[in-house]
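Each in structure tokens, the structures are laid out below.
Here come two complexes built around chain A, the first alongside chain B, the second alongside chain C.
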Partner chain A sequence: MNRYSWLGLIFIATLILPHVIGEFWIHVAIEILIFGLFAVSFNMLFGYMGQLSFGHAAYFGVGAYATGLLMLKTSVPLPVCLVFSMVAAGVAALIFGYFCVRLTGIYFAILTMAFGQLIYYIIFQWYSFTGGDNGLQGIVPPGWLLNVKNYYYFTIFIVTAALIVMWFISESPFGYTMRAIRDNTERTRFIGINVRKYMLINFVVAGMFAGLAGGLLGPFTRSIAPDLCNWQQSGVPVFMTVIGGPLGFFGPIIGSVIYTFLFAFITGFTEYWPLTIGLVIIFVVLYMPGGILGLVHEKMDFFKFKHLTNDIDKGLEKET
Partner chain B sequence: MAILKVEHLNKHFGGLQATYDVNFEMKSGELSAIIGPNGAGKSTFFNLLTGYHKADSGRVIFQGKNITNWAPHKIVRLGIARAFQVSNIYPAITTYENVRQAILTKQKRTLNLFIPAGRMAKEETTELLEITGLSSFSNIIAGKLSQGDKKRLELAIALGCKPELLFLDEPTAGMSGEETLETMELVKRLNQKLGLTILFTEHDMPVVFGYAEHLTVLHLGSIIAQGRPEEVRKNEMVQKIYLGEEA
Partner chain C sequence: MDASMIFAQFMSGLSRGMMLFLIASGLSLIFGVMNILNFAHAALWLVGAYFCYTFWYLMQGTALGLWLSIILAAIALAAVGWIIEVVLIRRVYNRELSEQLLLTYALVLVIDDLIKIVWGVEDKLIERPPVVADPVFIFGAPLDSYFVFVIIVGFGVAIGLWWFLKKTRYGHIIRASVYSREMVSALGIPIPRIYTGVFAMGIFIAGLAGAIQAPVGSITLGMDMAVIIQAFCVVVIGGLGSLLGTFVASLVVGEVYAFSILFWPEGALVLIFIVTALVLIIRPWGLFGTPVRT
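Then we have the complex of A and B:
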């Protein structure tokens, strides 16, 4: 089998999917895609740069509000709104990232969270512009996307394109420089890399893709609320990435599939969702520290997608 | 011509004067060593020259340019590379990728976000691995290499920066006798064939006297002797405080 044939098969399956599942599950699938994109953008910071951001939802939220506001107040076509979402989230990430990249480790996590909450409270309080805690209602997508199947295909198209771009970034010299900063910041400085500058660029790029994911959400749910930006929402990509595995490119997507599916399934018959996901996280952290992808990589060699997970070997090597 | 000139350099950590009024010069193409007992300030001196620590006072001039207290990455780009005392490599990626990272940085290609790194700098990386004798470890995760090979890998990373001036902090620490010889021969070749100016520190006296053309002796942060190895060997003060027990 060809190297990338597994990916091709999965892609074809996602194209057939809406014809075999009900409308409720198509909604879930769209959420999986949007949050998968969000989580992969988060993992540019966590998995590749080695810094835990606990305020990544802020850029997701800025993207969501950018598209939401543009669609409500102007008649700009949706694709243009999405580009604007990326730009707006990128600018926000540039401003706050400038300060965040001066720190690492727990201090980085706390500062990203503080700035995330800052954005949350601005959106929460600014009634005249963002609608405050009422959020924005009535974000209706253009006619051809009113049908949920069409919105699904639209989302697949955007998310796949974004993932391809991010995959190229992860394999580029820039992507390897990120791994270098993660593995040995000092050495990287002493081969001539301006570490802060590179971390800032990565922070902005990750913010832009989070903004794109956010932009896709509004026209799908038809409304957005400031809760999208708060720190609990920032925990979502963290959970997804830990479940799926941070050391492979597709880990966060696998995490998104499990997390979002579980959420839809569990909340159907119990309100104890936080308890459930808590137990899942504890299990993953204790018994499969490399996430699902780490487990597959270790135990299921026959799938022959080592090339997609080869970072895992290296990451685990470092741990031991 | 002096490639490096250091004037009245001072550095203290709390009450400890780690570098005291150091004046130092290196000619282009020289292979020199700094010796001195543990805690003499050899590593601090390297750290001051490469931007790892900031000097309290004094000047560091490289090729006529005042680089005192510049950021490390700027100093590297100007042409000064270093290897650390404890090997400082990327343990989680392959030997090949370690060296390629330095070369891509030198080639200013690290801001490229869209072309796979796997296609770049193949020849240069392979060549450098050959020169440093690491070809057979190309695909091995660097963290798995032996101590000696890690030191050699770090030398390769430093060379990947294409420096004109190279600082090696105990390049043969942790190596067997045979590895030490191989590494020092390599250092000598780099100096003679590529014209690289090299300054190294070393504890092993036969290595120092066998390879260095010029010696500087540090003691308690100050220079107490400088000159050709045979002159330094005769220096009474050096014999007393440093070579005393060993010579």
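Then we have the complex of A and C:
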């Protein structure tokens, strides 16, 4: 069986899922999907473009607040709100990304973190508009989505559509330009590509999809808080991507499955979740640098997947 | 708003700046020499504070209890740093930046939960010894006398580090390894040992900083989260790897914070992020960093 039939099987399985698992696990599944989308959008910057953003949650949060505010204060239908979320997050990503893409490496990471914290504090302080640290409560999805199963199918629909779009972007010439920028920025510049412009476009697109994911979160959890924007939250897609493997398109989704499932499971019987995930990440960084996908690629030739570099190991070595 | 109040704020900012310098200097040293941004620096700082509390608690009633605890806490934390370096950090010397950051960030999560397990969730309070209990009056303004102690220690560490790096043989070796790992290695000096030493030294200062912080207010869980971001900002503004830059930036950030409390209380942290962002946009290598290093 080739790759596509596996994908098709998994997709059918996800469609059947709500009928075989309990309501709690449907909630977990929706969370996996939303954060999976968030993580894949992050990977557009990390796996494809080679830059570590530690402030991606800011756009996730902007998207969440856009939908949340629209749903609470207006009667705009949810799908339209989601579009607004993408636009709002895209605008934020454009404003901040303009400055971020002028830097790389550690400076890029710190600047994205600084901007992320800036957005966090703005939302936190702007009590009259955003509710400050109280957050927004009572975001209720429209009647036809009140049933969690329906919201699950709605999420599947939106996330699948978004993933297909991102897949096409990543496999387009634009996507390969991203890989070129990651692998050898200087050379890419020499062949005449305006690296900064392309990086900015990628940054905005990644921000927009993060915003979409955020928009889906509000009506799901019924309340949102400024914490969605801070740097600790920015670490979540990073963890997911690293666990799943940044060098494959579906890596972050695998990571989301593992992370979210682990979270739901571990917090069931202990409060020491940070300790757990910290140890997991340390283990992954030291012994499984390519994540799950890297491990699969190395150990099991049976599962060949199209990874983002010609040589998966080369992508992980530092250029000295 | 009179002169003595402004002076009081100035001194408060100075003291805050010194606290920041104590934390950021270790971070800057480690980054400057090893090129690793130690996300876990503030978490270890917090462990230093808790160590100080525990030592003080055990030595309650003995004279000089607090001062001894501070030194013991710093030494104990340096030992912890030594172990962390050998067991974990050493494995990511040559790895990608993202892996180094992730490792140290994961370490934060682990350390924070370990603190919770070992010391519990209640705030810890250290009683101040009588010599620093009462305010001191300078130019008519009452000043927390402990602040004076902090400022003195801050200057002491700054001068000590400067002297160590500029005037001692070990300092020269460390500075040389910043410029060329290979040459130092070729001269027969083992780089891993230098790195471990530098890391332990950086953590020693962090422990000192944490222990000194301990009697100020109370020790709470999660204190490190706000501090690490401020430390990053300081190190960026001053210039990654430059100790003078870290010193100046710490004082600047401390004063900005102290005075913004007077005029724009909510904006204190926002102001610092804006300054950090501006520095990164206009001059990413900071006020005193070298443009070569990216």
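Quick note on the criterion: the second predicted complex is superposed on the first by the 301 of 320 C-alpha atoms of A that agree within 3 Å, B and C clash if a C-alpha of one lies under 4 Å from a C-alpha of the other, contacts with A are read in each partner's own complex, and residues count from 1 in each chain.
We take it that a residue touches a chain if its C-beta (ideal position, glycine included) is under 8 Å from a C-beta of that chain, and two chains touch if they have at least 3 such contacts.
Computed from a prediction, not measured in an experiment: that's the story for all the values here.
When both complexes are overlaid on chain A, the residue A:L286 reaches chain C alone and has no touch with chain B.
Looking at the superposed arrangement, the partner reaching more residues of chain A, out of chain B and chain C, is C.
Of the two partner chains placed around the shared chain by superposition, chain C is the only one that A:A109 touches, whereas chain B remains out of contact.
Of the two partner chains, chain C is the only one that A:Q232 touches; chain B does not reach it. Within the superposed three-chain model, A:L275 lies in touch with chain C and out of touch with chain B [touch as defined at top]. Using the contact criterion defined above for the overlaid structures, shared-chain residue A:Y198 touches chain B, although it does not reach chain C. Legend: residue contacts after superposition of the two complexes on their common chain; A:L118 is shown touching chain C, with no touch to chain B.
When both complexes are overlaid on chain A, the residue A:D183 reaches chain B alone and has no touch with chain C. Of the two partner chains placed around the shared chain by superposition, neither chain B nor chain C is touched by A:S53. Comparing which residues of chain A touch chain B with which touch chain C, the overlap comprises 318. Residues 46, 52, 54, 99, 102-107, 109-111, 113-115, 117-118, 121-122, 125, 231-232, 235, 238-239, 242, 272, 274-275, 277-282, 285-286, 289, 316, 318, 320 of chain A are the ones touching chain C in the complex. The touching residues of chain C, counted against chain A in their complex, run 37, 88, 91-92, 94-99, 101-103, 105-110, 112-114, 116-117, 225, 229, 232-233, 236, 240, 266-267, 269-270, 273-274, 276-277, 280-281, 284, 294. Contacts from chain B toward chain A in the complex involve residues 50, 52, 71-73, 76-77, 81-82, 84, 88-93, 97, 100-102, 104-106, 109-118, 120, 141, 143-144, 157, 160-161. Contact residues on chain A toward chain B in their complex (touch as defined above): 165, 168-169, 171-177, 179-180, 183-184, 186-195, 198, 201, 205, 313-315, 317-318.
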